[in-house]
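Each of the next two complexes has chain A plus one other chain: chain B in the first, chain C in the second.
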Partner chain A sequence: MSSYLLPAVGVVSQRVNNSTWHQITTWFTTASTWAWHGENGEAGVAQLFWEHVWISGLSLLIATAIGIPLAVALTRWRRGGLVVTSVANAARSIPIVGVMLLLAVGPVGVGTESAIIPLVVFAIPPLLTNAYTGIRDVDPEMTDAATGMGMSRLQVTRRVELPLAIPLIATGVRLAAVQVWATATIAAIIGSGGLGQLIVVGYATQAYGEVYGGIIVVAVTAVALDMSLLRAQRGVRRRYGSLAPIEGS
Partner chain B sequence: MRPPGGFTFHKQGNPWLSWHYITSNSHAILSATSEHVTLTIEAVALGLALSIPLAALARQRQWLRSTIMNFCTALYAVPSLAFIVALVKVFNLSRLTVVIPLAAYSLVILVRNILTGLDEVSGETVDAARGMGLSNPRIFFRVRLPIATPAIVAGLRLAVVSTIELVVIGGYVGGGGYGAKVFEGFNTKSHTELATYIVLTVLLALIADSLLLLTQRLITPWRRGMATS
Partner chain C sequence: MPGSRPKTIMLSAAGVALALTLAACGSSSSGGNPSVQTTNTSNSSLPALCGGQHGSGKVVVAAAAFSENETLAQIYALALKACGYNASTKNFASREVYYPLVKKGTIKVVPEYAATLTDYINTLANGANAPSKASGDINTTITALKAELPSSLAVLNAAAGTDKNAFAVKKSFATANHIQTLSQLATYSKSHPLTLAGPPECPSRPFCEPGLKNTYGMKIKGFKQTDPGGPLTEKALTSGKADVGLVFTSDPTVVQKGLVVLTDDKNLQASDNIVPLVASSLATGAAANALNAVDSKLDQTTLIDLNKAVQIDHGTPQQVAQQFLKDENLT
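Let's turn to the complex of A and B:
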């Protein structure tokens, strides 16, 4: 318990001493840090950032391609709501790090695939829940009117239901994107590359300049992504109207 | 940790799940479970202790409300690996290294739910309490907070389940609980250890969620049958 009582400021100044500050400032001011190829032939921030964008973007794209059609299909089925809540609850209680480590030592092996599979799987629930709610809450009078005008089932979905569900679909995409970006950091533990590699490699080699530099880069990009997507989402809501409060996960 | 008695994985193979592993490691499983539960309770308790005053403060002014919510949301966006590793050099391998980030992540869920709960309290109720001569702090603790309790417990459920999952990442920096075992299983390539503790994490989350759901029903009998989320 005594560790709880130590004044945090004193501890910080004691543990993070001058040499650590020096390492951090050196890391930030060295040009090769930010280059494509960093020092000693290791990947620089530019390359790691690109890998991070690639892994996250691909995972989000696959998850969207699965999640949205699945949401449409589930709204057609009486038991759909139960499936959606079950999937969301299950995903919330499964430790994604554990799944990545499991795939890495098991069937898939160390590398990017072991990262992308869980990233896709865990990005589906927020997309699915929001798209499902969005489509389900479309006023039945709207779809009736569209059917009355002679639209086919597919046309009703594509031209009435999905456009009306856009504000909530956008919420789902934002939540999934932020989650994927943050979780892709952890994937560096299993050697998938990306910005998390700065933290993992630095931590393993006790290079604290790299560790704290990596932490700052990872945190800043994640918060920036969250804020810009929130802004974009507000724009979408102004354009398409709103169905639900903007927060909510 | 290798099971006692000279038993090795190679003799038994390396199955994903084995009942024998569970029975011969029951002691390790129990101690990891109690560590995991302790870390979760500490993190959520710290988060709750911080979020009640934060929510009370957020209700004072609109700008405070948006500042606090934005701050918590930004904190939540910081990847857990970065947050936990950042504290390793500060707290060494003390449990605070894991407890502080997890408490920070529970903030956004708890503050949002407490605010929702407090917003539900009608002005008439507060006027009635004031008419009975209650002071503002007393109104907050005796009227507003009890009325907000169902929403707070709903938030606690989400916070507890996500914290149980996040404790696992703490294993990367030597934090205790199932995380230590999951990373040990990864480092020794033991399928059995890895899979067993992942399943245990899921079970623990489900049990905690059910217990909190039960609590939620017990303290709000009038809400039975209504949707809770």
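Let's turn to the complex of A and C:
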């Protein structure tokens, strides 16, 4: 059952043979695997999970704080669409591992900050494109009516455009969250911890059970995150109505 | 044996990138063709390093694919040429590839690392889980190595220079606290627990965190996961995120970054001194004299300088080897 998950991470070149299978089951069934600290004081899954939540959560928060206002600003501008496409494509094409390593050996230093900065850049495209589309697609009659009622530009944005765009913004947040969660795995390369630590340390110590375990834990939590955000998104859509299909990207 | 793995990783990280750049731009200057040396082989004017003996015949010197080993192989080949051998070098990916050829006699000389070679041959003979026969003491290691070598092979004198794991601190810190050895650092750590930087496997490997704790009694309050003696470790040290970090004794970037390697006064690290592995037919005579003469000059500082000349100053291994032999008055 695990073999189809393997191509997802290129570090494992080994075939799953019986002894590896044994290592994997041992890893999963050892109590200290899931503890805060392992037997020798090394970080357990519980601690790594919280580090992962912290790194991804903070990255997503910062990306949202940048992406949404940027989207609002760009809808005010005739050439905004071009900028959105350019920014999104540029951010998507940056190789995160390289940026992370360069920041770590360069100005930012070895630590969590070097992981968060590229993750923020990586999370912006889905947030920006969805928020931009959501706001731009608001029926002009709605904003005209609001303006006619005497609302200021800011009030129109806050009370009409953003609420109507929320279903799409929520889609952007979900996509960004899942992407960041899965990608935050590489933060472990520069010693920033998180669930990727299982893969990096497992690989370095040839404990392949831990490597497979790490891959499975990251994949399963990413799917769980996606599903729970999808549910939340449905709730949002029930509340705010829908302008767009929920799967939009 | 863990000792061999980080070395390969480190040198591929620090060296191969530079070596690749060299491949592209190295040939522009003076050519560095070793054929200059062959003029010396006209029998009367043999250089002193041959010990008055004249060699002949074809000798292939193997090099593993990292710059330090390539430079050493060039030095050995040039020295052998100077004594009359028809010597050339050949690069191989790793020991796993060249060792069978050495055993067969196709390759006659390899610049080797004593402890890693000892463990390699040991695991070939006794399985991957065989207890290590290498020691922190070079003489013990060489004795063990000689005992397990097949009769067709021999090792010559080990050089003082090593390429092994070591621990470094900031130079300013070492000076301010009068720390030169790991024992002194351990004493310091009793009142100031330290943060250690090292590769992911460090907390579980005897030569790393457990070794510092058990052999030296060092007090370590935290571990910063970085890389095996690479730029992340150096950055963690220079930026103060870690106090002590795992590096390699022959890495020229350590000094360059304002770090200093502390003496491993309790021999925690296995003795990976440079040592020539040769075919038994070369264990005496001109070849042995020449390679022993070279090794007597390869102390730690010299080895670091050689690596600096290739990895940082972008000389080709061949140019650097020629310069070394000239500077040391060997040819």
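We adopt the following convention: the second predicted complex is superposed on the first by the 233 of 249 C-alpha atoms of A that agree within 3 Å, B and C clash if a C-alpha of one lies under 4 Å from a C-alpha of the other, contacts with A are read in each partner's own complex, and residues count from 1 in each chain.
Please note the rule applied: contacts are C-beta pairs under 8 Å (C-beta built on N, C-alpha and C of every residue); 3 or more make two chains touch, one makes a residue touch a chain.
Note that the structure is a prediction, hence the values are computed from the model and not measured.
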| item | value |
| --- | --- |
| Contacts of A:109 with chain B and chain C, given as first, second, both or neither | second |
| Touching partner for A:204 - first (chain B), second (chain C), both, neither | second |
| Superposition-derived comparison: chain B or chain C, residues of chain A touched | B |
| Which of chain B and chain C A:142 touches, first, second, both or neither | neither |
| Contacts of A:191 with chain B and chain C, given as first, second, both or neither | second |
| Touched partner set for A:42, first chain B, second chain C, both or neither | second |
| Touched partner set for A:82, first chain B, second chain C, both or neither | neither |
| Set of chain A residues, in rising order, touched by both chain B and chain C | 101, 104-106, 188, 200, 203 |
| Contact footprint of chain A on chain C as seen in their complex | 197, 199-201, 203-205, 224-226, 231-232, 234-236, 239, 241-242 |
| Chain A residues touching chain C - in the complex, by the definition given at the top | 40-42, 101, 104-106, 109-111, 188, 190-191, 193, 197, 200-201, 203-205 |
| Residues of chain A defined as touching chain B within the complex | 3-4, 8, 11-12, 15-16, 20, 89, 92-99, 101-102, 104-106, 178, 181-183, 185-186, 188-189, 196, 199-200, 203, 208, 211-212, 214-215, 218-219, 222-223, 225-227, 230, 247 |
| Chain A-facing residues of chain B, complex | 16, 69, 73-74, 77-83, 85-86, 88-92, 94-96, 112, 158, 161-162, 164-165, 168-169, 171-173, 178, 182-183, 185-186, 189, 191, 194-195, 197-198, 201-202, 205-206, 209 |
